[in-house]
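One chain, subunit A, appears in both complexes that follow, with subunit B as partner in the first and subunit C in the second.
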Partner chain A sequence: MIERPPHPRHAPLLAIKNLVTAFHTPAGRIPAVDGVSLSIERGRTLGIVGESGCGKSVTAMSVLRLVASPGRIEAGEILFSSGGTTLDLATLPEPAMRSVRGGRIGMIFQEPMTSLNPVFTVGDQIAEAVLLHRRVSREAARARALEMLQLVRLADPRQRLDEYPHQLSGGMRQRVMIAMALACDPELVIADEPTTALDVTIQAQILELLSELRARLGTAIVLITHDLGVVAETCDDVAVMYAGRVVEQAPAAELFARPRHPYTIGLLAARPSPGMKHSGPLRTIPGMVPLPQHFPAGCRFHPRCAYARLPGAESGSGRAVPLPAGELPCNAAVPPLHEVAPGHLVRCFHAESLGPPRSAQEIAAGGLFP
Partner chain B sequence: MTAPLVEVEQLQTYFPIRRGLLRRVVGNVQAVDGVSFSIARGKTLGLVGESGCGKTTVGRSILRLVEPTGGRVSFDGLAVRDLRGRDLRNLRRRMQVVFQDPYGSLNPRMTVRALIEEGLIIHGLCSARERVDRVVRAMERTGLSRQALERYPHEFSGGQRQRIAIARALVLEPDFLVLDEPISALDLSIQAQVVNLLIELREQLGLTYLFISHDLSVVEHVSDEVAVMYLGRIVEQATAAALYAQPLHPYTLALFSAVPTVDPARRRRRIVLVGDVPSPSNPPRGCRFHPRCPLAESVCREVDPPMVSLPEHAVHCHVAARELARSGGNASVAAATIATLLADRATPPAATLSPS
Partner chain C sequence: MTPTQPTRSGGFWAEAWRRYRRRPLALAALVFVGWLAVVALCAPAIAGTKPVLCRYKGHLYAPCLAFFDRRLEPAVFARDRFRGTYPQNLKEKDPDSWAIWPLFFQDPYRAVRENEWPGRPANPARDEGHPSASHPFGTDQYGVDVLAKMVHGTTVALLVGFVSMGLAGTIGIVIGALGGYCGGWVDMVTSRFTEIVMCIPTLVLILALTAIIEKPSIWKTMAIIGATGWTGIARLTRGEFLRLRQSEFVMAARAAGAGPVRIMLRHILPNALAPILVPITFGIASAILTESALSFLGFGPPPPSASWGSLLNDARSNYSMWWLVVFPGLAIFLTVLSYNLIGEGLQEATDPRLREARK
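After this line comes the complex of A and B, so read on.
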């Protein structure tokens, strides 16, 4: 187990504040990210978890300013504190952004085959990143590339330097991606589903490598994934996203010991865990993830929520709990992201009244809220 | 005890590697090399393993979507590999398949109705009038409403498309379904819905499944028996309960330990395997897992491990065989010893280089 660095008091390395990123299509404005606030401390790992279309990748792309047209950052700040200065990446001019991207912020994408250039050798591609950001000779850049391949423990690094991506396996390519992301000593690495395309035994190798490099180099990592297990095993902090918003955020240990948002609980309950024989059907979250064109009003999860409190006549599912007098129905207003325990934020009106919290393993074993 | 519906014996499927102007065969990809199992009527066999281990090829070979190179496949007493023409077509009505990617497996130019009724037309099973009824019945079984009949696949989400693919298989009233990663392309909250549907259908219709997946927890939930494949071979096979409680093969243990879990109490010491899966065109001698196995001994490099069977459990491993012999065939004692051995040996090497 790696020693977690203590919670620092100074300015966070990256602070995203009320980010709104929308796509303007002929069908209308699609707010893929709708008011997301997150912060990452130096040397820590933040997991952003959610299903497809929840906005986790668009959040990452916004930080790197790689959102392609017709997408645009419409509001919010992305404050990156590096070397004593704070830059707002949301508005930073493109030439300055170029020195941040791949330099002080590294990136690792899901599909290493498509993110590596098939016509250049691995060594040339890593060296290119170094030459872009550092004033060094070609020889020095190549030496750095070799050093990076050794760092990520690629077998036969000297030989691999002159090989092309197609000659490597998926796990090896992902190691090359990590080498490239780390080549310029970034303070932050954004890894978007870095292990999703890999087999579990290779995933274990890559996660082990990332944790080890994080501990040795002090690089902060934003790890984007749909796998709660990956988050539980590798992250210090977790943000759960649903339909363009953060619905729950907490230190990882707290989140899995006391998950509070019905969506998080639903996700934990829907997964059988190995070695735990279940009787009866798996518990499901009914319905499906809404498309951004059709985000429901109020709490965006309420149509699928087992605990939604709605005015009697509108509870279509038949499972909705009747609304106690004086309480706001879930479809009327957007619940605020509020603190339910130190550092634990939940976007749900009723998080505190759902009963005593249960841990992730109790939920997986069959103990939902009463 | 019912007679098995599907029996596979020493199944072999090789793909030739051709090179040069004359496309001469210079070698073989040994995708499946000597796989045997049987599935009783109404039961589910889970087939797990990593990409390239041959699990999909096993499914396709049974259906004769690829022609096996050797071995025997029998379905309800029929020798599948000998069937031709009409007999083969009749057999195929009884064995259906659901593929992983519901975006790729449904023709985007066909309506839901056309997609589902296609099989009925090909097999000439009923009149045009009856056809709609049967299509609607299959759709209702999978939770699709009648309104979907004239719509196109792009109008549906991944989970609903997979329901269309399942309805397409069910409309022919098959006995046996090959489910090839049926939930891997779906979102987490939708996976549970489809798993529940598959279990419900199996119970209502008495279906038999070959459930192919790399997702160990879902396989355990769905299957009665589970076989673990590595590089074209089954390395371990047991009832789901026995396999998950007492894994004997080092590869199975490594696979289980690699699955990230949210439960800190269940978090095993991760056994990180070094290296990648070798190429199936040139598999290693002896035990195919030996180059990556932390417990490999000299015998493993030379001799293909024989199968050791217990009631409800079979394993191909020299170390497991020895531990089983030592414990007098007690699987839980042997499994515990192997787990301890692995935990001692499998510490990953520390990196030696410091960054500049």
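After this line comes the complex of A and C, so read on.
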């Protein structure tokens, strides 16, 4: 089932359709990603946000088919449109996949301290990334490495080329990682929490660099993060994930102004905002993220949802809203990801009936969650 | 780590070398092994009965190379019936000839006869050959000079260590790397195979293999020691590969499009090499001991190769010849000790935990 209407003009750069990635552990099958659908347009930045364990990193790793065993892609398509052809990365043979990794899709990791090989110089590592995909001489690869270090604005690039990772600071290493990811002019860069391990000032520099490079090189970026502030600053589109599924995808401005999914509404309400008057505790969403082994049936957010409509018998909490005739209860069926406004997709039965969308300020001030 | 040091610090190995140099004992051991290598290479020039370089009938020859391989002896000397004795034959058959002689005129394979070197008596044999000015380490029961034997035996001692551990290291690293990197059934097979080989007592296995092979030679002995001594290295390599396979930089290399062979050889192996080098160094020491033990038991390389262990074997027939035990034993002891000191130095120079503890 293709849940998203086809784009009017051109195919998206990357379209993930109903991706299922599960880990087969002795404790049983754990579906870390369970039916994720996403699309990324050329030259745009898509932010994927969600709590720890919601499957955002596994989604990214699935795109590059780097999910470590016992994880396996079990279903779905990952359509990557590059150079006039569309490849299904979920089934592409391994040798062809290798030329996609690094060549057409670059990846930036969370931990710059450990993502560089300690025994090689920075220049060697960037040059290696070039040599893996281009038939060029060692000198040309080294020249490219220098060019990349200049591009990511590392101080003293010529000297840094011959230095080892342990001689660089975290921010500098992340710049090197970005240089490596971009060395072969990929069409897409996946950045898995690229700033989480860095301190705030360096974070801002790295994000600024990423935005600038995207504008200059036209590379599409998938930015995985749990920081809503980062998303607001850098992303064109946002996908919100919860318990292995995308619950809402919309342009960033739209999502922040008019969140439709109860989980997104809750997330935005939980942010501290500059306008907050009192110094009380921050708002929270009641309950806990369910473990993948114990995902609830139907909408996975319903046990924590203030709007959940459940059959009367199961409502001990008093939160239950009487079900109008003919409507499915939230715990009975998986709500489809459907379009509620142009480009705005929500996975909730009641997205339309939740009343007029509210702005983030209203949510923060009014409080939807008692 | 000292990141604030103003001097430019090099790579991992440059750092390790900097730390290694701070340990005087380890450094002395390295110098000793280096000196042994020089002795092994120059053995025919240090002790021998053939000229290092000579001019004979208008041509230059280096007959001493015959000690490395008999085929290297120039044919002209066989034609002119030298029969291996050069000093007088050279003068008699070509009065214009000249020769540069080894530092110490003694043969590792036979006793030097009377007047072979003008004016020098024959080597004493049996109990007579105790250490003296002309024979610092004495002679064995056939009158062969012990110092000459030991100088030429250095080659064997060093070769045994390097060749057998080179072989063991290669087998161990390949098996360990495959098991650790591939995991799954490959790991099952390689680990069980390693354990099976481990279960058999090494010396018994070596003796059994030595008994089977035809025409024993020093190379076959080395091959056998190597083929049985890789288990520890394989286990350690497997562990290192298992650990590094999960590391972020390996994931980053895979994300950059590197294939499994490149990841194993270029990304994991250099990082795993430091801990693997340590047991290889200790392995060299134990290979030398094993070879000595084999020679002592009479299963060593046959006579033409003079090994330190076979000198010890000679001593068994006559216990009054203490010099046959003391000098080769001391040489084996010092060499094995040196390799162990080098291994320990390597360990402390490359292991971050020990490094911090020593500070």
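Rule of thumb we're sticking to: the second predicted complex is superposed on the first by the 341 of 370 C-alpha atoms of A that agree within 3 Å, B and C clash if a C-alpha of one lies under 4 Å from a C-alpha of the other, contacts with A are read in each partner's own complex, and residues count from 1 in each chain.
Quick note on the criterion: a contact is a pair of C-beta atoms (placed from the backbone, for glycine too) under 8 Å apart; a residue touches a chain by one contact, two chains touch by 3 or more.
Predicted model only: the values in this text are computed from it and were never measured.
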{"item": "Clash or fit (per the criteria above) of subunit B with subunit C on subunit A", "value": "fit"}
{"item": "Subunit A residues touched - subunit C or subunit B, whichever exceeds", "value": "B"}
{"item": "Which superposed partner A:L146 touches (first subunit B, second subunit C, both, neither)", "value": "neither"}
{"item": "Touched partner set for A:E128, first subunit B, second subunit C, both or neither", "value": "second"}
{"item": "Touched partner set for A:I48, first subunit B, second subunit C, both or neither", "value": "neither"}
{"item": "First (subunit B), second (subunit C), both or neither touched by A:A15", "value": "neither"}
{"item": "Which of subunit B and subunit C A:C330 touches, first, second, both or neither", "value": "neither"}
{"item": "Vertex subunit A; arms to subunit B and subunit C (CA centroids, nearest 10 degrees)", "value": "80"}
{"item": "Smallest separation of CA atoms, subunit C relative to subunit B, angstrom", "value": "6"}
{"item": "Residues on subunit B engaged by subunit A in the complex (per definition of touch)", "value": "50-51, 157, 159-160, 187-193, 195-196, 199-200, 214, 216-218, 220-221, 240-241, 244-245, 254-267, 270, 272-277, 348, 351, 353-356"}
{"item": "Subunit C residues within the subunit A interface of the complex", "value": "1, 3, 9-12, 183-184, 246-249, 251-259, 262, 266-267, 270-271"}
{"item": "Touching residues (chain side subunit A, partner subunit B) in the complex", "value": "51-52, 144, 147, 150-151, 153, 155, 169, 171-172, 182, 185, 199-205, 207-208, 212, 216-217, 226-230, 232-234, 256, 266-268, 270-278, 281-286, 288-289, 304, 360-361, 364"}
{"item": "Sites on subunit A touched by subunit C in the complex", "value": "64, 66, 68-69, 98-103, 106-107, 109, 111, 114-121, 128-129, 132-133, 164, 166-167, 177, 180-181"}
